[in-house]
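These are the structures, in structure tokens.
In what follows, subunit A forms one complex with subunit B and a second complex with subunit C.
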Partner chain A sequence: MKKTAIISILISLISLCGCAGYREIQRGYFVTAIGFTKQSNDFGIVLETLSPSDTEPSGEKSNIISGSGKTLDAAYGEVNQSLTKSLYFEHCGAIVVSRDFTESEMSEIFDFCTNLYTLNIDAYVAQTDDVTALFESKTADESVGYSIIGLIKNAGNNTFSNQLYQIKRRDAQTVLPTVSVQNNTLVLE
Partner chain B sequence: MSGSVNDYEKCSLSGDLDKDIALFKNIFKRDAVLRIREVSVGGACRCCLVYMDGMVNSAQQGETVVEALVEATLPKNLQPTAKYIAQNILFANEVGETKSLPDMLRAILYGDTVLIVDGSSSALTVNTKGWRTRGIKEPDSERVLQGPREGFDEAAMFNLAMIRRKLLTPDLCIELMRIGRRSDTPVFICYLGSLADKNTLKELKRRLAKIDIDGILDSNYIAENIRDHKCGILKTTGATERPDIVAARLLEGRIALVVDGTPVVLTLPYLFSENFQSDEDYYVNFTAASISRILRYICFFVAVSVPGVFLALVTHHFDLLPTRFAISVSRLRVGVPIGSAVECLALLLAFEILKESGLRMPQNLGHALSVVGGLVVGQAAVEASIISAPMLIAVSLSAIAGLMVPRLSSAVLYLRFINVIACAVFGLYGFFAVSALFLLSVFNISSFGVDYTASFARPDAQNMKDIFIRAPWPKMLTRPRFNKNKIRKGNGI
Partner chain C sequence: MEKHSYKIHTLACVALFTAGNAAIMQPFYGKSNFLAVFLLTALFSASFALLSVAVVNLAFKESDSRFRKILRYIIAAAAVLAAIYGAFSTVFDYVTFLGKAQLPQMHTALIALATLGFIVVFIKISHTAILKYCLFMAALSVAVVVLLFGVSVKLFDFAALTLDASLSGSDCALSFKCFLKYFSPILAAVLFVTLANGKTKTVNIWGGLGVGFLILLITAVQSVLILGNSGGYEFSYLYAVSVFSSGNLFSRLDGFVYFLFFATVTVKIAVCAKLLPLIIRRLVYAKHF
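What follows is the complex of A and B.
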């Protein structure tokens, strides 16, 4: 009787949790970089996603998706509205923020990123003057996200997790590396 | 009446031949193959032969019994008894005298001839067994490239002879038990008296005596009745069709059960590490054998885990996949109408169906089936986007790896499905939970009082010599850990 009860409870537990976190890999876009911009009083979000290439059988292509709104959530909502698939942030390699954000706005951005629960916390954080221009630049590596990783991975510990750690400790924030586009090439300033 | 020969324990021969013939006719009144032949001994004394047609060697019976009886010359005024006939008239090699009716019935049913003598309350049992046997062939399921190629057949006596031929020692003990209320199947317990553990032997006999079943048609009937954990997925008794394996097991202090009517001999106790040992390991160079054995361990892990882990990665943990690989999997899954979990379960089920139908098919059709099932249907299904290629690869890899450990086939089957379900629900956490539970259960079970994982208990060099690798024979100094008589060489017995 006791055995039956334990087995029943275990089976119920399995069925009640309803495959939490189950996702189909083909029903989403892999985000490789997130950009945050400021447009007058609005927030803007620019995402670079990778998806299978239509032309090359084994290649991939990058797409730029953007949205804006009064808040970051509103901007993210607009991005989502334009998509037919979910966004997977596990492979996000870079978070790029516009230079003109104030300290409180930066905190807001970090809060927002923390709430993207699948976000790769080892993504590198960088700043730039023009996020949209950076994302739309054509680089040799095809993906802007991975080009940024290649550029700044040796320029100090600028990962998202480290930045969060410093915010929690209320340390003086480190200066983020600045990335810019010169002649269609990403450059670390 | 239970239908057993023991029902006739209280009956005996009367000494009046006509009444005794009537008794046998009555017992076998619905048996059309019973033969009763009256013979006169030297023209002076009546007797009769009772036997089963088709089970006796007619030529041998004619020469050693009938001819001897008919041509016998008796001294004047002598009324021959059964004992006198056995000692002075019959030519047969093996003649026994019995007063027990169940023993006579057993002899008749086992292919012997019972000779009833008028005026005698005892009868003679003459060994005239002559039923056909399959003969010595290499077992299909245990083929080797190098080493002995003989296998058991269905006659227990021949099987015992094959074991004895390997172990020419009076230390080899063979005890008889009869199991099965109606089949009364002879079961022989074989062991080396100086090596087998007395407690294990006692426990085995206790469990055998407890079996209450109509009939034993195969050794698995016994294996399932005497196993320690009745519903476990791991077997705790070994099974083999090869006399060399049985002899090797006996030399390690194990006990063998030879069941009449089946070529499969049980050996016990059985340890987890035996699942990864192959007959051929001991007949080829130890380096090659060791590599094969390590491969078997790896293949067991691959067979059990690959479908589940792959499913967990593509449904829960994309972050653990390289980006390009994730995109590649994503591309190949576009257009597949069913979810990854259902796809994985369906593929595993399809593989089991293919395997099962391949086993039941005539051998020459089996290859065609594997080509049609594996290649044509598989490729067509991928091209039609019914299934995705990566999942097909994962399941196929698991299926191929599973064939490397045939002794764990049922455990692999169950664990594979359980892992897939756990991984679909909990991701890799499910996989680790199932693995932990499996390891707990493996370390928790025993085989006839011996820990199932006794071989892993103390990882010293001698204990590990035949577990993950097969050490060279000169280095194999001790018997397995469960045997109290450990020393195999030198001053040991």
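What follows is the complex of A and C.
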């Protein structure tokens, strides 16, 4: 009897795994890419998010959300204040930084991303001239973030070694791939 | 009636007790000479364990001697203090981890309440049940650590591992601080297994200590080889494991890490929680205490 009870409990424990990290998709924005811009002396954060479409039953829509502040935390705080729903970073696979950051500012950005616990540190990092214009461009994928990931993976996993954890473990300044929009097509250099 | 031998259970119990909350907080990660600091801490812990076993066996030997009786009360008091400190620091670290990384959307009070529930359960169940739980969890934990290390080999950057054997005064102080914070409650584990088994052998305690430190070494080395050694990660082992992926099916193996932390923490809490009623029962009911 005791063995039966223990085995039943173990089997039921395995079935509970699906409940972990449960999210109602209507209750949040799924961030697919996060961008960092420099605005005078302020930091700017730009998020590309996907959420369920109000017009198409099984569709999704992309939103661009941004905020700025003297520090990254202030900028992120401004982003959160403007939202009524939560931000979910589990699907964020692309981090895009503007070209005009210094090495120490880039280090600060990477530490900030690391401290977003739900943002996975194997996200790909790239740079661009205009983050907002990049995120607002129309690509074949619904999400620019997913398009960037596809471009980098197609170039070969070891071509750039530009995943967040790979960049943080190197002390020297890393050469990041550049993403730009040419004729409505994303180009990786 | 056949008396069961709990040697392997003792080893498993001490192994997971040693790993405890240090597996979560990874105190050795982020220092360039982390191997040297780790070894020095292990040395402090092994020496303390040796002393603990000798003193506990001396105090709890069957005898009516006044000296042994006084020594028993002193050791019991010290072990209770170690157990209270061990339990509270482990609960604090685990609740912090759950609140930040594993269950960020759950209210901290609920997490603390659930942890309190565990403590009550561990106080009520028998010490043999705790020993059997330790063996079960230890076997799975070691398998998990070895598995995660094995599958992550392709991600290792061996250049990140520097064999710096130098130890400054501040490193020695840091080692001692790590020993006090994470491994000094080993006295509680030694007394627990002594009261559970009647006598403790040094080889069992050192064996458990060795396995526990091996778990910590594997997790620390994996963290360094994947993340580098510059620090900047609060729960480095979790991050190191989260990087692994193989195709679309095997990715974000964080669940294994959650299990490992659950195993080490619950064993440490169980032993610390169960020690107090065990001592009280011996004080009240034992003929020769």
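Convention: the second predicted complex is superposed on the first by the 144 of 189 C-alpha atoms of A that agree within 3 Å, B and C clash if a C-alpha of one lies under 4 Å from a C-alpha of the other, contacts with A are read in each partner's own complex, and residues count from 1 in each chain.
Basically, a residue touches a chain if its C-beta (ideal position, glycine included) is under 8 Å from a C-beta of that chain, and two chains touch if they have at least 3 such contacts.
Since the structure is predicted, the reported quantities are computational estimates derived from the model, not experimental observations.
Examine A:Leu50 and indicate which partner it touches, taking first as subunit B and second as subunit C; both and neither are also allowed.
First partner only, subunit B.
Check the residue A:Tyr88 against both partner chains and state whether it touches subunit B (first), subunit C (second), both, or neither.
first
Please name the chain, subunit B or subunit C, that touches the greater number of residues in subunit A.
Touching more of subunit A: B.
Report for A:Lys2: first if it touches subunit B alone, second if subunit C alone, otherwise both or neither.
After superposition on chain A, A:Lys2 lies in contact with neither partner.
For A:Tyr117, is the partner it touches subunit B (first), subunit C (second), both, or none of the two (neither)?
After superposing on A, A:Tyr117 lies in contact with subunit C but is clear of subunit B.
A:Arg169 contacts which: subunit B (first), subunit C (second), both, neither?
After superposition on chain A, A:Arg169 lies in contact with subunit C alone.
Regarding the shared-chain residue A:Ile25, is it in contact with subunit B (first), subunit C (second), both, or neither?
Only subunit B; A:Ile25 stays clear of subunit C.
Taking the two structures together, which residues of subunit A meet both subunit B and subunit C?
Residues 17, 20, 118, 120, which sit in both footprints.
Which residues of subunit B touch subunit A in the complex?
Result: residues 314-316, 318-319, 323-324, 326-331, 333-334, 336, 339-341, 421, 424-427 of subunit B touch subunit A.
Over in the complex, which subunit C residues touch subunit A? Could you list them?
Listed in rising order, the residues are 100-101, 104, 157, 160, 226-230, 232-234, 239, 242-243, 245, 252, 255.
Within the complex, which stretch of subunit A touches subunit C?
By the definition above, subunit A touches subunit C via 17, 20, 111, 114-115, 117-118, 120-122, 163, 165-166, 168-171.
Using the touch rule from the top, collect the residues of subunit A that touch subunit B in their complex.
14, 17, 19-26, 28, 30, 32, 50-52, 58, 60, 88, 90-91, 118, 120
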